[in-house]
Structure formats: C-alpha cells, structure tokens
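Next come two complexes, and both contain subunit A; in the first it sits with subunit B, in the second with subunit C.
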Partner chain A sequence: MRIKNMSWRHPALQIATLPLLTVLVLFFLIPFGMTVLLSFQVTKLYQVAWSWDLTTWKDVFSHSYYWVIMARTLKMALICVVLCVFLGLPVAYALVNRLPSMENHVKILIVFAFLADAILKTFGWVLFFDRSGVLNGFLEVLGFGPAASDILFTPTAAMIAMVYNLLPYTIFTIYLSMMRIDRDLIAASYDSGASKLRTFWEITLPLSKPGLLAGAVLVFVLGLGVFLEPKIMGGGTSPLAAELIRQTFETRVNWPLGAALTIVVIGIGALTLMFFGYLLIKTTKSQGGNT
Partner chain B sequence: MTAPIIDMKSLNKFYQAYQALYDITLSVEVGEFVALVGPSGCGKTSLLKILAGFEELTSGTLEIEGKDMRDVPPSERPTRMVFQKLALFPHKTIFDNIAFPLKIARLPKAEIAEKVRQMLDLMHLKEEYLTRYPSQLSGGEQQRVALARSMVSSPSVLLLDEPLSALDVKLKKSLQAELKRLHRTLGTSFVHVTHDLEEAMMLADRICVMKDGHVLQIGTPNDIYYRPAHPFVAGFIGDTNLLPATLTYSQNGANFTAQGVSCAAAAVQTTQLATDLDADHALLMIRPEMITINADAPKNCQMTGEVEEFFVKGATIQYRVRVQGLENEVTVETPGTAEVPISVGQTVRLNFDLSDIFVLGA
Partner chain C sequence: MSRYRFETHLANVILYGSVIATLVFFYIPIVTLVAFSLTESRFLTFPIEGFSLKWYSALFAEKNFLPALWGSLKLSFVVTILSTILGAAAAVAWMRFKFRFQRSFQVLAFTPLLFPQLMLGVVMLLWFSVLGNFFDFSMALWSAVLGHVVYITPFALIIIAVQIHGFDDTLEDAARDSGCSNWEVLREITIPILWPGIFSAGIFAFLLSWGNFYLTYSLAGTSRTLPTFVFSGIANGSSPIFPALATLTFIPALILVGLADFFRRRAAERLKSDTTET
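So, the complex of A and B:
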C-alpha cells in the first residue's frame, strides 16, 4: 500500500511520523507559539512586562521604517531568486548536456564551494572588491586607474555575495530535474524539426519546472533571512530584516518588538511559499502526475 | 524505376576504436517497407540513428531524397522517428503532442487542427483524448499517438525503432496489422528496426538481416526464409536443418553428397545454390515442414533415423530424429493430428524432395 493512499489516521503512519513530529513540535511549533505570545507583551526598563495587549503590534504598524526594511528584504530576496535561477539554469543545462565527461568534477567543485564556511567566503569577496583588492588591482593593470570599482559596502556587493552563497541550491535542484528528463524527448523534439533553442523552451524548461520552483523557494526562504552578506558586504548601511531583528533583540533589548518583527518576516515567507506551492501543484497536475 | 529514397553506400561507423557498422550498402525505394533485423548489438539501431541524424557516419555516403545527408541535423531531415520508448512529451496534451511538428513548422492554426483530426481518424484515436496527457492513456493508445506525431507532417521516410517490443503479444499483433495498413494507406517509406524476424517477415517488403555490424543478406521475406545466404540467416527464423555436404558443379547446377542422405539423383539446379559457396564445405538446407515422416508419397531423397523426442505444438507436431552419421538431430514438422502416430525410440523413414533443398555456404 502506498503511503499516498493511506489515511493519516493509520496507526503505522502515526508511529512512523512520530520522531519528526516530536522534533517539529519541540523545536519549531513551541518556540513559534512562544514568539507569538511574546509579541503581545511590552518592554519596560529593558524587562519584558506581561501586558497582553496590542501595544507592540501598534508600534510595528505605525513605524514605516520597519516596513521599508521588510520591503527591501523582500526585494533583495526576490532579486536573488531571479538571479540564482537565471545563473543556475545554464550551469545545470551545461552539466547535463554539455559536460558529460566533466560532470562529476564540476559537481565536486560546486559542492566544495557550497560547503566552505559562508563567513570565510564572504570575507573573500571583501578582499576581492576592496579598494586595494584583487578586482581594483586587475582594473588598474588594465588601465582603469586606481580604485576604479567602488561597489564594496553597497547593496550590490551584498547581492553578489548572496547570489554566490545561494546559487548552489538552484544549480542542484534544477540539475536534478533536468537529469531526469528522458534524452529521447529531446531527440524527439529535434526529430520533429525543432531547433536547440526551441527544444529548450518547449521541452527542457517546462520539464525542469519542479526543480526550478523548488530551488526558487529554497533561495527565497534563505534570502529572506540573510544576515551575514548585507552586514559584511553591504557595510550595514541598508540593513535587512534579519539585522533589524538582531538589533531589536540585542541592542534595543526589546524582545516583544523583535518577536513581532520575526512573525512579520515569517508571514511574508509563508505567504510567498504558499504562492509557490500553489504553482508547483498546478504544474505537476498538468503533467498528469507523471513527475 | 524511380531513384531510391534512401541510398547508403559503403557506410562505416566507428565508436572510437570499436567498429559498429561495416561497409553497409543499402537502398530503400519510394514507398517501400524495409525491416532491419538482427540480434541486439548487431548495429541495426546505430544504422537507424545515422538515418535520423542522431549519429554521424564515419565513412561512406548517405543520401536521402537524392541529397547528401552529411552534416544535416535531424531537424532538417525528411525523416521522422518513432522511438522505442515512444518519447511522448509528458507535459503536453495529446493534441499538443501530435501537433508539435506542425507548430514547429509554423502552420496556420486551422490547418494544424485539421491535420491532427485526420491523424486521429487514421489512428482510430478518440477525440476526447486530445485534451488528456500521455500518462492517462494505455500503452497501445500511446503507441498510436506516437505514430500520429511522426506521421502528421507527412514525412517521406518513417523510421521505427522497435516501437512494438515493449507491448504484450496480443497488442503487438494488432499494432503490427495497424502498421501494415498504415503503410499501405500512406505510401510512405518505412524503415523498421526489430529483433523479431517473424515480425519483419509479416510486415516488410524487404528484410535486411544484420549481425555484428555486417549485412548478411538483403531480400524479400521469401528469400530470407527459403534462400538464406548464410547459416545464421537460415537459423534466425524458425527451425531448420543444415546438413554438411560436398558439391561437384555440373552443367546446370551441382551434384552433392551428404552423410546420411540418399537420393535418386543427388543433383540441384543453379537456382538452388547460394552465390557464395565453397564446394567442399556446403550446407543443404531443408525446412522441417518439407520433410515427411513414414509417408507413402514419392519423394526423391531419403534418410533413416530414430525418434529422440517429439513436441506437440497444436497446429503441428515436431520430431527430433537422430540420423546415423549426422552431428545434429534432424527436425521434422508435420501437421498436427489428434493422436501422435509415432513414439520415441521408433525407427522412421524421412523423405523430402530435391527441389526443396537450398544449398548455402558453411
């Protein structure tokens, strides 16, 4: 009997899901519930005061400053998703179709880059973009004069580091989807008279959609929570949501406000996830459940 | 006679150091149904892929419709392929699958709809399938859709890569009949790859038997069955008897001597001799159904042996008879009877006619 067809009331299924359920309840649902409760309190003299009212939430909704940061966070995450998808697509396509002999070497390189510590990698980019760094040194040799590029400590630099750190997620999810496409389908498309570009558009891309959406969701969720890249590469001039929440908790010691802001970020993430989930279900359905 | 639609001359194919095809020379006439037959690894699929343009040929020439096909990609060839695993697009509806080649060719919408409808009628597919997806159809229906997609743009050559091999016997039989009907109605040239010689005999006008990258014989189904050029071809379909013999050529044929066979006048006509023969190492081929067992009807040749085993096959009964001086048992097949008239261990007389012999090289 396939799990898909089993009632969720089935005792075997309940036992099988018990460990995961316990972990999720203990480390996700309960802390989340506590965060929700916390957001209905206020803070007095750096102490949480149990007031059970909407003061904190009124605070959140009356300060446009928070929403500017939320909007910026959402914008950065969405741009990051788009860039990661557009950069991940050709890499995955090349891995599957153009480099069959070097496939494993390239995969290992990507995994190495992926597993290296994010702080290390981000500081690597700082050295690269620094006024007297590798990039400017190179540009100077080419005759662009000293310190020709000055993008370090801008949102652009933060975006570059974000894309760099999150790109493997899209590469691998798209790669896995593309690898599962039957080569005969591509051959059948060529045989029907389609060009390479047309075949990519009509066959490869639609059949990679599940992996593409999954990668996009991953990058989006992770992109909403980035903390390191805007702080190191962005120079702290245009903070994102994670930095705002950290400051609220640590510097301002306003736990209820921090909790409320956390819930706002989770809400934005959840709504977007639902949207992507809806898209995913729609595409898999249109394939007659064949994927 | 018009020029052939496919013309291959001394075609060779190498995969690195491995030679997959040796010196293939084969032409297909307009409207002809040619089957490429052979065991797996014989190169028949490589040959089909070269025709479709998915593989480059290493040397030799390939012309389709009189045009040299070197460096012509699959998308620009006048051929269409039916894939072994069908390769229907899972994310497209049946309509979009069938219409795909027409959409690529940028035909007007109304014309596309019209042609898809014609294909639907031709392939006996129901109209309600058009909005469904391939996974919602049965195996046989998917097969018809794949055929429809390949035929919809009226290609001049249809290449079939064992599309029936995955189907169960009953469905296979009905689709074989369908293919034959389709070929007759459309007048398109078919090149059909199969490992099943029986299927090839049923469908094809001409059969090309291949083994280890070589073409062993090209001929009509009757050539292949009654006048095989090679022992492998003789043994590839059904059972056969190959008796070692030596020849001495005469005015209008040859005289032969073969162990265990005694004939009134052991001579065959020139038409009963394969072209490529070694007089000292020839083989007499007699099909099992040509031999009678303990029958009174007069025949020129005779053998005597002991029945080792028999098999009741329904329509026929097959006997294995051990003949003194022959390494292999002689296989005899007689029409089935309600009672098996002969028992194991019995000594029997086998008779056949001189005219039923075909002589080939060992």
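So, the complex of A and C:
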C-alpha cells in the first residue's frame, strides 16, 4: 500500500485526525495538566484554596504510610506481571503451534471471558472462594473437612483475581508476536540438529520478546491501578494505591492530596514504562543487526 | 530417539495442559455465577440446593435494575458509535498517511490505553468538577461517555488499523479512473472493504463499554449502569438476584462475540475466494 505524504493543510488529514485530537486534548491532556496544578494547592474546610505552595507534596513525602501502600502496589503489580507472562507464554505458544484447527474457538472463548463484565466475574470468584463456597464444597467432598480453604479476603485472593483479569493481555500480545515468526527459521533450526527446547530458547523466545515486553508493560500499568480486586477479593485489609486515592477523594475530600497521589502512581508507571521502552528499542535493534 | 520422544510428550502435556487449565480458570467465576443463579435457596452456599428460576422472576418483579440497564444501553450505544468513527478516522491517518508530528499523534492516541483506568477516571473527574463549578452543571451519563470514548477509541483504532493493513488501494484508483468522486470511492469501495474491521471494532467497543466499571464509577455522577448497580448491590450484601442478573448480561455479550467472529470468518473466506479467482 502506498503511504501518502500529507501536509496539515490537507482536508483529508484534518478530517482523519482533528476530531480525535480535540477529544484527547480537551478530555485527557488538559485534565492531566490540571491535576498537576491542583497538587500544588491546599484544602481548607473541604474546599480547594488556590494558594500555590508545596504543602501537599511535603505531606506526601513525609508520611511513610503512603509509601508503604505505594510499595505494596508496586510489589503486587510486579508479581502479577511475572505470573501473567509465565502463564500466558505456553498458552500463546500452544495457540500458534499446536491448535491450528481449534485456534479460533479457543480465541473466542478467551475473548468472551475477557470482555464479560469485570465486576460480575470478581463476584463469581467471591462465590467460588467463599467459606461455604464452591471450592470448599469440592474440598469437603474430597475429604479435606469443612471449610478447608480460607483464601477469600487475603492478598492471595486479590492476586488471583488480578491475574484473572489481566492474563488475556499477555496471551494476546505474545500470541501476536509469535504469529509473525517465520516458520522457516524454526525448520532451519531443527535441520541443523537443535532440539525443540533449544529451538524454543534460541529462536522462538527471542523473536517473541517484543510481544512479551508489550504484554508485561500493559499488565504492569493496569496492575498499578486495580481497585476492585483488592477491595472485593482482598476484603480491604491491605489497600492498594487506587483504594487510597479513592478514599482521599471521597472520604477525606482532600483533592490536592488525591491529585498528588495520582501523579505519584502515574509517575511510577511512566518511569517503568520508559525503562521497558528503552529495553524494547535496544533488543529490537540488536535483533535487526543479527538477522 | 526415546529422549526426543519424551521431550515431545512432555512439551505436549505442558502446552495442551496450559490451554485447558487457562480455559477452566477463565470460566470458573462465570460458571459459578450461572450455577448460583439457578439455586432455590436464598443463601449463596455450595452445594446448590435445588434448581429453580425463581430468582429470575424475583429480578423482574423488583424492576429496580431497569434504570441501570437502560443507562448501560444508552452509554454503550453512544460510546460504540463515537469510538468506532474516531478510531476509524485515526486508523486511516495512522496507516495510510505520513505527516508532521505523526509520532506525537500516535503516542497521544495510545496513552489512554496505558493509563490505569481509575486514575484516568479521577483525572477527568477533577476536570469535570472544575468545569461544572464554572459553568454550573453536574456530571451524568454524558461525562461517562467522554471518559469511555477516551479509553476505548485506542482499541477500535488497533482493530481497524489491522484491517487497513491488508487493504488493496489499487481498487480505489480503479474506481476513481472510472469516474467516481471521492465521496463515492469512500462509500462504494473503502468503507465496504474495511467493514469487517469496523464492525468488530464496534462490537469490541460496545462490550468494553458495557462491562466498564472504573470509568463509569468515577464519572457518571448519580446515573447508574449495570456494573455500578451490581457493585453497590454486592456492597450491601449479596442475594441470588445478582447471579441471575449476571447471567442475563452474559448472554448478549456471548451473542455479540459469536456474531463478530461469524462476520470476520465470512469476510476472510470471501477474500480467499476472490484472490483464487483472479
């Protein structure tokens, strides 16, 4: 397909880009800028007073409580990334290499589970893990005694729900980059006597790195913002950043503090993203040099 | 040789096993909900005591979910149309044009996808509150529409961009050579060929909006949609009405996903038969 060079004066380019640009500037860039400005104000009698000082930021940096929650959020997001990558990798590989006839059906099943209402699915998990729920019912039948598992309302339950909601992202990004691997490279590797494991390790895995990293970044960023899972499944005993921010806005009605905490979370996400972006560019460049 | 065979067997067990385990994992909560919606008891405990449809009739007798259902339908419908149109236009610019600041445009169009959803909601909530104080309005479904559009358009953009990737633009030249105006080319050639992509982008957008909790929760003001209705319902103690409601919302989603796949496959087959004929 030809790619046309376009000047911004061309009406076709304006029609194609300006509507989306307007929406994004008005309802994404400007609000974000305003959040940054708001973090430099203070709150008096539940009202924002426009005063331009660093009180809120001093508050954020002097309370270790906030940073304990941030560290916990970071830890949960990173564990979730590792789990999603390791669970998604074999599924994506099997979809590409083992299930050519079933591929579409499995994909539809995954897409449907992914698109179904997140809060209803989380509620389903609650019913499953409940003390008198499905899991304990089965365990009792198997002879483990009544209420053998007491997992609900623990961080483990929150993690299971997080992996549940975010795993499809890694499956699909890894799947997409594995689809694009040239089959001849794998055949060539077998012809030169490499074992399956070695071929996977030296051909498939390096070539699916872009998808792996993209999926990992998506899961990480989305994992930083989870709220439903720790609240419903974790029982609210160990709150994460999103819950803290929601409380700051709704219960404490301290908007500047909420704005500052939002920026801290987004900052942590952005820094990690830049780091992974740097890695991604480096690996794709070195790959381009090799082949 | 036997070692090779063992390796193959082990790999197969791991690979097929992981697919099966993942599917079971994905469907545990969904099947649990559907099963509990058919219980006879008013407590959600396992094993399920007896089967009945009485919670469905209880749901329809109470009718308090209807405003939320109506809100969900309106929200998802408007969001689907806006996101699909914006995403299609941007996908054309992304794939077929080269222009100054293209990189910045691409980065900006994708950032909402990489923004934690609750944070996106909070940031927009602050902005709407400031605007609301200034112009004297309060948030309702329309502000949730804007939030959804910002978040969902990148998804629509990717799906349509993939469809554009396989687009044969000599067809447009041929139509233009035979005297079609730009508008006719767009209407008769470009949109029909890109239609499978646009259609699946629309369905994806609808379902993402239908199931979205975070953005609606922050931005819809006092308006309710099904996810926020269920959230407040569970917070007040669970009743078998919610599994019944859940099952009812799964059904349209299932139909839409199946429909999208049917159209995608039919388009792929048509494309294949076209290329073999020529």
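The criterion applied here is as follows: the second predicted complex is superposed on the first by the 267 of 291 C-alpha atoms of A that agree within 3 Å, B and C clash if a C-alpha of one lies under 4 Å from a C-alpha of the other, contacts with A are read in each partner's own complex, and residues count from 1 in each chain.
Everything that follows uses one rule, which is that a contact is a pair of C-beta atoms (placed from the backbone, for glycine too) under 8 Å apart; a residue touches a chain by one contact, two chains touch by 3 or more.
Not measured: the values here are computed from a predicted model.
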item: Simultaneous placement of subunit C and subunit B on subunit A, clash or fit; value: fit
item: Touched partner set for A:Val106, first subunit B, second subunit C, both or neither; value: second
item: Touched partner set for A:Leu271, first subunit B, second subunit C, both or neither; value: neither
item: Touching partner for A:Val221 - first (subunit B), second (subunit C), both, neither; value: second
item: Touch count on subunit A, higher of subunit B and subunit C; value: C
item: First (subunit B), second (subunit C), both or neither touched by A:Ala116; value: second
item: Apex subunit A: angle to the C-alpha centres of subunit B and subunit C, given in degrees as a multiple of 10; value: 80
item: Which of subunit B and subunit C A:Leu142 touches, first, second, both or neither; value: neither
item: First, second, both or neither for A:Ser195, with subunit B first and subunit C second; value: both
item: Overlay on shared chain A, then closest C-alpha pair between subunit B and subunit C (Å); value: 6
item: Residues of subunit A that lie at the interface with subunit B and also at the interface with subunit C; value: 195
item: Residues of subunit B that touch subunit A when the two form their complex; value: 52-54, 73-76, 79-81, 83-85, 87, 89-91, 100-101, 104-105, 132-136, 149, 153
item: Subunit B partner contacts - residues on subunit A that touch it in the complex; value: 182, 184-185, 187-195, 198, 202-203, 206-207, 286-291
item: Subunit C to subunit A touching residues, read off their complex; value: 4, 7-8, 11-12, 14-16, 18-19, 22-23, 25-30, 32-33, 35-36, 43-47, 85-87, 89-90, 92-93, 95-100, 105, 108-109, 111-120, 122-127, 130, 146-147, 149-150, 153, 164-165, 167-169, 204, 207-208, 210-211, 213-214, 226-227, 230-231, 234, 238, 242-243, 246, 249-250, 253-254, 257-258, 261, 265
item: Residue ranges of subunit A touching subunit C (in the complex, touch as defined); value: 1-8, 12-13, 15-17, 19-21, 23-24, 27-32, 34-35, 38, 87, 90-91, 93-95, 97-99, 104, 106, 108-128, 130, 132-134, 136-137, 164, 167, 171, 195-197, 217-218, 221-222, 224-228, 232, 242, 245-246, 249, 255, 258-259, 262, 265-266, 269, 273
